[in-house]
Each structure stands twice: as structure tokens, then as C-alpha cells.
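This is the structure, below, for whatever I ask next.
Here the chain labels run A, B, C and D in written order, and each chain numbers its own residues starting at 1.
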């Protein structure tokens, strides 16, 4: 799953989350570094005022995408470039993230490493999710790196879901819940973990289905093989039912709509450096090894 | 908590949920029984077409309220009459409920028992919940028998909550989550159970605060003494934030609004018959004693 | 539950856990302080070599018990003096505990406060647990501040338990599990929390019954009123079945034995100082407010 | 994972669990069927008195193994014949099992199907677990179909575990707990589920590590790729520490011992018939679709 990659980086895309105070300064530093090294920087339109005069931001025409922000910014960037297999380097302007790998202070040395080819690609599986209407119409596919979440909206009561799996649509089960999370292994440490799902090492070929506040105690998170097609039918059409992709984009569903999710064709190419590992990050994020509750 | 009660029932209110097929027939049977026994029936306006000619439905002027439907119907009725200490008899038109105590087939024999005074009152604590605006304005109080739930709405991301407790407002903790459930012991087997809360015997004097899909693994459901005031401040004002009472009524909150919940002054007077108990119902509802998973 | 207490402390008992490196130095400091202030120190026999020449250690004849160690040391001391209502001051030689309230550096100033009566008593409910044999014989009662735990031993498979409650022994449920934890609110943050129980504020009058790895998903932790008698019968007599009190003492049960637990008559009198609170400790112990997992 | 298999069955081994009342009658029926069809039956020694005169029971020389009992009996048989790839047909004398596939009433028609080749092989991954001593000595490997469980014994307090993974032994985390379950996907519905693990479809190539009652809330079940080596070191050597395989066999560990688990070379060949599926069994075993708790 992790493979070394040769250099050849010339055009670098940049996106960022302006909520972070360090964004402008990090962008400036990046601009200076690019000028020194002869890299062509292309910042996304919403950041142009902070670093004017860069090339046009076209997701399909970059050798590397740098995301400045948190995991959310990286998720947004990853979905942009997933179809083009562009490596993504996440710079963390806030707390340590699961996906972002370096703090701003290490941006220049890390970029230098990338230019020398001293990095690894940590390829992450994606999900492809579509909404199928009762009229047979199929919506455009969403690509998710973390998850596709079906959730009751606003004042809606719990919804009754029927989950089917496999090319043949075998019934897994039907239950009432606030919603359901269809997640990649990468997403196992995000919303799915909040809802009681297991932590899945990113290279396990699987898809998770984690119920959100189910009405029955017997229903539990299920881990499916990666090659299944998961279908979620909503048996109790609520006035408000919402599909969210990576917690960021989505749409309201109509009665009779159905969610169909499967492994995406694209993978997201995360840039990693020696010494960075999933479990290392996990231990730090979840404070494993911190003081324990103690039973006396 | 459970005390025998003398008779004196003459005027009987009736509410019902028309989703159940048996509603009309049960209403007719009730009408005949009332005529035989000289009871005055008052059905709520929405049911008048099914049993015309009854007296006007005024919550404060009944000796007994009969609810025809499920636990949801009983919750609705209980909130109506809680201020008047009117006994509530729940008839279950669907599956066994936690609150409703008899099937339609036993309605007449049960009413007969009530008329003879052969029943108990199972008095249940309520919650009083108010919304306090940033401008100091305080909304009208809601009465809940199960719970007051603060939940992110629609496409909103998780919300950051700060929970305070006690007359002095001591900080309990702040965390991000989909929402929080403030529940009575009666509500411990409803939404709170779905979200991972403990089952609390109804007579334990306490209030539960159960987080919904919290972002941190360290936060867990907390059981407070019944005499506290619980305040929930929303630190990350989301565009959509919703308060729901017993899953049935509620309002959208505005940025800066705060939820204040405490034990309600009213109690709900559930009519019970000998042999009916909380644990008996629990075992049947949760299928305790059913086949187990077995570890080999 | 928390009440100010007047002084009058003259004879002070001391117990300690020799695993902590700071024990000897803390004892010496305590000896000097006692000499200065005219207090009579009585150290338990196992510590005599570290501070010789103190008075005889008799649990019933002390005005205050100081425990030097962790929560475990305090639990041991609390059970010793619970019948005599002796206030207990826990000094924490290791990490912050739920029960111990001060670090060694604050021992002298804290004792000074106790002598001036500037403290509060945080009275904690105890459990009384007995083993009843199939032959009708009843064992001597154990007193627990945290919990009484019934657990399968060694190679034993899961055990089938039947839980009954109340003066009349109403059935709660029967299920197979590794064991069951009967806990006080104080014990809710100990073993019960590990097994999935809720956190209960110490003044809620209740007893918790938390199953350990039950074989069925439907069984959940239950919170009972404090005035019940809980009986646990073991339906599948395993060759090895163990009762543990506060994780420290206990006995092996024989086939047909039954556990009977109820609220203990004694309460444990924890010495507290202004500013110390349950939720303050909870936030620090569980790292509430620490970095969250983040969903992007 | 599931593949049709041609016939050729002549010698059939039989094991059974005498706890079930139907064992003798089922054995007799099996004897008659074998005589009619010219099959050679070999019953295990402990059953010889119930069906005398059969051939000698040698695990490596059978074309099919029939297990009469529950999942436990099948687990025992599966471990016997796993090295020889012998198909295993589980007859369930008690409740429906996860692994056993047919009731006694269907034994003859099922065997007839096997003889005609009308069945499928559902190949299940196994675990190989070894104990490595502090002296470098390595114990004989155990084969598990469900799990290898490290658990504190008897009166022992919680144990501190360090989990490492991969050929290179990267640290996953260290924590205190009652124990840890290393499970196959097949074992995900057994002990691991009781301890809070996810349900994993049997064909997902992975190994689960599920902590038992961990002392810290931050530790959660982890799903690893199937090709890792998992090492569990016990940092706090307790006097009693026990390894159990499939809940059936095992050994007491000594201080300094280490558990090393990896995917087993053998797979267990479960005999399946059309219409039998994992999710079908799961729904029936866990009562999915049963009455729900209902939130009102």
C-alpha cells in the first residue's frame, strides 16, 4: 500500500482554510520557497487575495497539491484531485490531524524532501456514492475519502433503513436509527468512531457500515469486504433526509431515494515521510498511554 | 413512588394516534363501555369524526386520560395533563411499549379495575426545559416526560457544547458532538439508550446527560442528581440547531441561545395494575433471555 | 451530601503503599509536622520500619486517617474505618486519583486546614455484600466503597447469572457474561466505567449493576435505587467463580452460592477542601477538553 | 471465498457433545444412513459407546467431518482437521449457531446433497497463536478459528499490555485491561462482540484486536490487515495470566511470556448449502428486525 515515488514536481496547487490565523503567513512562505526553487504555484481562487499573481488553479494539471488547514481541508482537496492521482501533502495549521502530516514549521524541509523524491505514497481507498431516485434516475457520483452519511434532518424522527449488500443485493438487516455511516478505513477514525465503530487500519480492504443511534441494541457496526455494493433504502420516508460526503458536501434526499455506495475507482495519494505511521498518529490523537482511570 | 389510589372517575379524556388501524374500533368499544357505566367521554378534536357527540376535551377537567396508540401517544397526552396530576392510562395499539400498559383487548377489564380503585399510580418525574436567548430573554417552559434533546440540524457539522451543572453552574465539560440528550429516568430507555446511556429504574432521583456521537472517546453519559440545574451552552453557533421535546415538539435555536433544564414540578401519573413492573416490561422489550450469541 | 465539619483532631492514623518511591519521605515529613503540632501519629504495622515509635494503629480510635498512595490505598483505608465514621484524607503519591485529593507537597498545608476545621466532609455511600451458600449459610459482610464484582475465574467459560432486585426479589434478567459489577456511584468511574457503565455523580442515591462482556447485545448497565437488595444467582456453576471487593479482597465462590448486595450502613467520610469537586477531577482524569478526533 | 466442490466422500468422521439430549438418536440415524449408502463412519472415542463398531477416528484420514452439538463442538472439530483441509459439516443439536448450518432433522437430506456434490465450501481463515517465553523458548502453535484470548486469571488485577504489529513490530499502544481478544473475522461474532468489537464479514482479510474492559476510554477495538504479526507483551506480570483458544483450550502464562499471533496457514472448510449466508444467520441470531425500543 505504501510505495516510494520518484520526483518530477514542477506545478504545485494550493488550497487553504482561512479560519486558521497562520494561513496568510504560511502562504507567503510557500510563495518564497516556490520562487527560490522554480516551482509554479497555483492557489485556489478564494486564496488569491492572500497570494496574488499565481497561475490558474486547475485540479487536473498539478504535480502536487498542498492543503493548508486541518483534516477537513485535506478531505476537500483530496476529492478534487482523486481522479488525477495527484499526490496530496497536508499541512496542519491547527491540531495534529489523522490525514495532515506536517506542521507549518516543517513545510519547507518537507517540500525539499518531496523534490528529492524522499517520500512515500500512502494510497487510500475512496468510496463512490450515488443517489438513485424512485423514478430510476441516478445522480452524479460523489467521491468520499472518509464517509457517505445518511442522516435524518431537522425535526425528523428516526428513519427506518434497509441495508443490502453484494452484487445480488442480499439483505443485511433493517432497523430504525438516526442514520447510517458508510465509511472507508480512512473514515473509521472520523464520524464512524464517534458512533461506536471500530478503528480500521487504512490498508484493510473493506467498507464499514456504522449505524447512528439505532433504536435496537442488537444492531452493531459491520465491516464488509471492499468489493461489495452497499444499498441503503429508506423505508420510512421522512420529510427531511440528508446525504453528506466527508461532512462537507451533500444533498437532501426525496422519498423513495436510495443510497448506493461502493469502492471508488480513484485512490487518494497521501504524501508521507519516513517515521510517519498510522498507529503513531492514532496514539497521539487518542492520547493512548495517557493517565488511566484506575480502579484502585 | 408507587401508591394505591381511590376511585372517583367520572370524566374521561381520550386521545389517539390515527396511524393505528385499531383506533376506530377501540374508540367505539370505549364509547359503548362509557355509556354502560355512565362515564362522560371527551375525545380530542382530531378524533371527533370517529366518535362524534362527546363532551369538549379540556385537559384540566378530566379524572382520567386514556391514550390510544403507542408510547408516543402517551408522551403527548402526559405532557397535556401533567400540570393537573391527571392519571394516564396507556392503551397500546401496536407493539408493547415501555409506558403504555395494556392491549386493546384488556381495555374494558382495565377500566373496570380503575373504577373500582384497583390500580396503582406510578408517578414519573418530568423535566422542565427552557431556551434562554443571548439577549436574556427566556422562552416558555417545555415539559418532557422522556427527554429534551439538542441536536445539530440538516447539513450542520458537529456542535461544540459546554455543560454546566448546579445552582452555581459548575463546569462539567465541553466537547463536540452531534448533540446531547437531557433525560429523565423514564427517558433512559428511549433516545438515551440508543446513544449509549444506561438504563435507569424510574424511581432513581436523577437526570441523565447523554452525548450523541461525541468527537472524543473520553466523554461518556453522566447521571446527575435530580435537583440540579443543567445548562448547555453552544460554543460553535451553527446555522441549524434544534431542540426537541420527547421527540415530538421543539424549536430551532438561534446563535447564543442556551438550554436550561431541571426537574419539572409536575409528575406524570401512570395507571398501573398489579403484576406490571418496569423490569418485566424491560425484559420483554429488549428480549432479555432470548437466544444468545454464544462463544463456542 | 457535603457538610462543613469542626476540628478536634488529635490522633491521626496513617497507612501507605510502599510501591511509591515518595512514601518514606512523605512519612518523615508527616512525622515532623505531627511533632510540631502535638498530634499523635499511629502508622499501620507494615510501615513501622519507615517511621518507628508511633502509637498503635487501631482503626476505631482515630480522629483522622491519612492514606499515602493512590486510590487503591484510600479504598483500603476507607473500608478499615468506615464503621467508625472517621474522616479520610487521601494523599496522592502517583497520578491524580478520583478519591485522593492532594499531592504530597500540599500535605502540611492541608493538615493545617484540617486542624482549623477548614474542610468539608464528602460522605460517600458504601455497599454491603454477602455470600449466601446453597446450605443457607451466610458469610460475613464485606464493605465496598467502589464495587463488589462477581467474575468467572481462570479457564472458566462465561457464567450464567440471574439478577433479582428489591425486598421481594423481582427478576431483572438472566444472561451469560464474564461477570457482573455491583457498584456505588463512587465506583461508577472505576471498573464499571471500563465495562461500559455510565458515570454517576457521587450523591445520586443508587446502585449500579454493570454486566462484564455479556453474551447478548440487549443487556445493558442498569442503575437501581439505593434502597434495593440485589441478588445475583449463578445458574451455571463454574468450577471457578470469584467475588472481589474494590479489586482488593474477596473469595472464591462454591456452586450454589449467591451474592447479596445492598447499601452499606456506613458511609465513607472523605476530607475535601474548597475548590475540589467531582467534575473538576473527572475532567482532569478523563482528559475532557483534550484534542478531539475531528471528522474533517 | 465460497467455491463449489465435487463429491467423492467415503470416510466420514463424527464428533459430538454429549450434553445434548438428541446426540444418541442423531448418532443412530447417522449410523443407519451410512450403512445404507456404504459410507464408513468413524466416531471419536468418547462417543464409541453410543455407536459401537465404527472405524478408528483419525483426523487426517477423513473425507468429511460431521460435528454434532453447537458452535463449540464445531470449533473443536475444526481445529482437529484444519491441517488436512477436511470439509466440516456442523449439525446443530441446540439453538441456531453461527457456524453450524443444519438441524438434526435435515441431516440425511444434507448428507445426500454432500454425496451429490451439491454444496459449497465456505473457507474460513484461522489464527496461529504461540507463546514465547522470556527465555526465548517458543511454544507449540495453537490453531484458532474464533480467537486467542489473553485474560487475567482469578484474583489478579488488570494487566498492562503492549500491542505491537507488523513484521517490524511497530507499537500500536499500551494500556491496562482485563485482557485482549485476537480474533478472526469468524470470531468477530463471538467473544469480541461481547467486548464491543465490530461484526466483520468472514471474507474480509483481517485480524481483530479487541480490548476487554480497558482502563482508559480512549482505547478501542482495532481491525488489522490479515498479513500482520501481532505481538502482545504483558508489562505488569500478574501471578495469573491465561491464554485461551476458541474458549476451549489454553495455558497459564508465566511472567515475561509474550503472545504472538498471525494468520494460520490452514483454513477451515465449512460445508454450506444454497440459501445459507452469513447475514441470514446474523439476522436470526441477533434478532435483527425484532421489536425495537421505540423513542415515542
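Methods note: a residue touches a chain if its C-beta (ideal position, glycine included) is under 8 Å from a C-beta of that chain, and two chains touch if they have at least 3 such contacts.
Bear in mind the structure is a predicted one, so any value in this text is a computation, not a measurement.
To fit its Cα atoms onto chain D, chain A must turn through 180 degrees, a value rounded to the nearest 5. Comparing the centres of all chains, each the average of its CA atoms, the largest separation from chain C belongs to A. Distance from the chain A centre to the chain D centre is 36 Å, each centre being the mean of its Cα atoms. Chain C and chain D have centres, each the mean of its CA atoms, that are 39 Å apart. A straight line joining the Cα centres of chain A and chain C is 45 Å long. Among the residues of chain D, those touching two or more other chains are numbered 157, 191, 193-194, 215, 217-218, 220, 247, 286-287, 290, 293-295. If you sketch which chains touch which, every chain touches every other chain without exception. Listing the residues of chain B that touch chain A in their complex gives 153-155, 157, 177-178, 191, 193-196, 212-215, 217-218, 240, 242, 244, 247, 250, 252, 286-287. By the touch rule above, chain A contacts chain D in their complex via residues 157-158, 165, 170-176, 185, 188, 193, 197-201, 203-206, 208, 215-225, 277, 279-280, 282-283, 286-290, 292-295. Chain C contributes residues 70-72, 74-75, 95-99, 146, 189-191, 193-194, 217-218, 220, 246-248, 285-287, 290-291, 293-296 to its touches with chain A in the complex.
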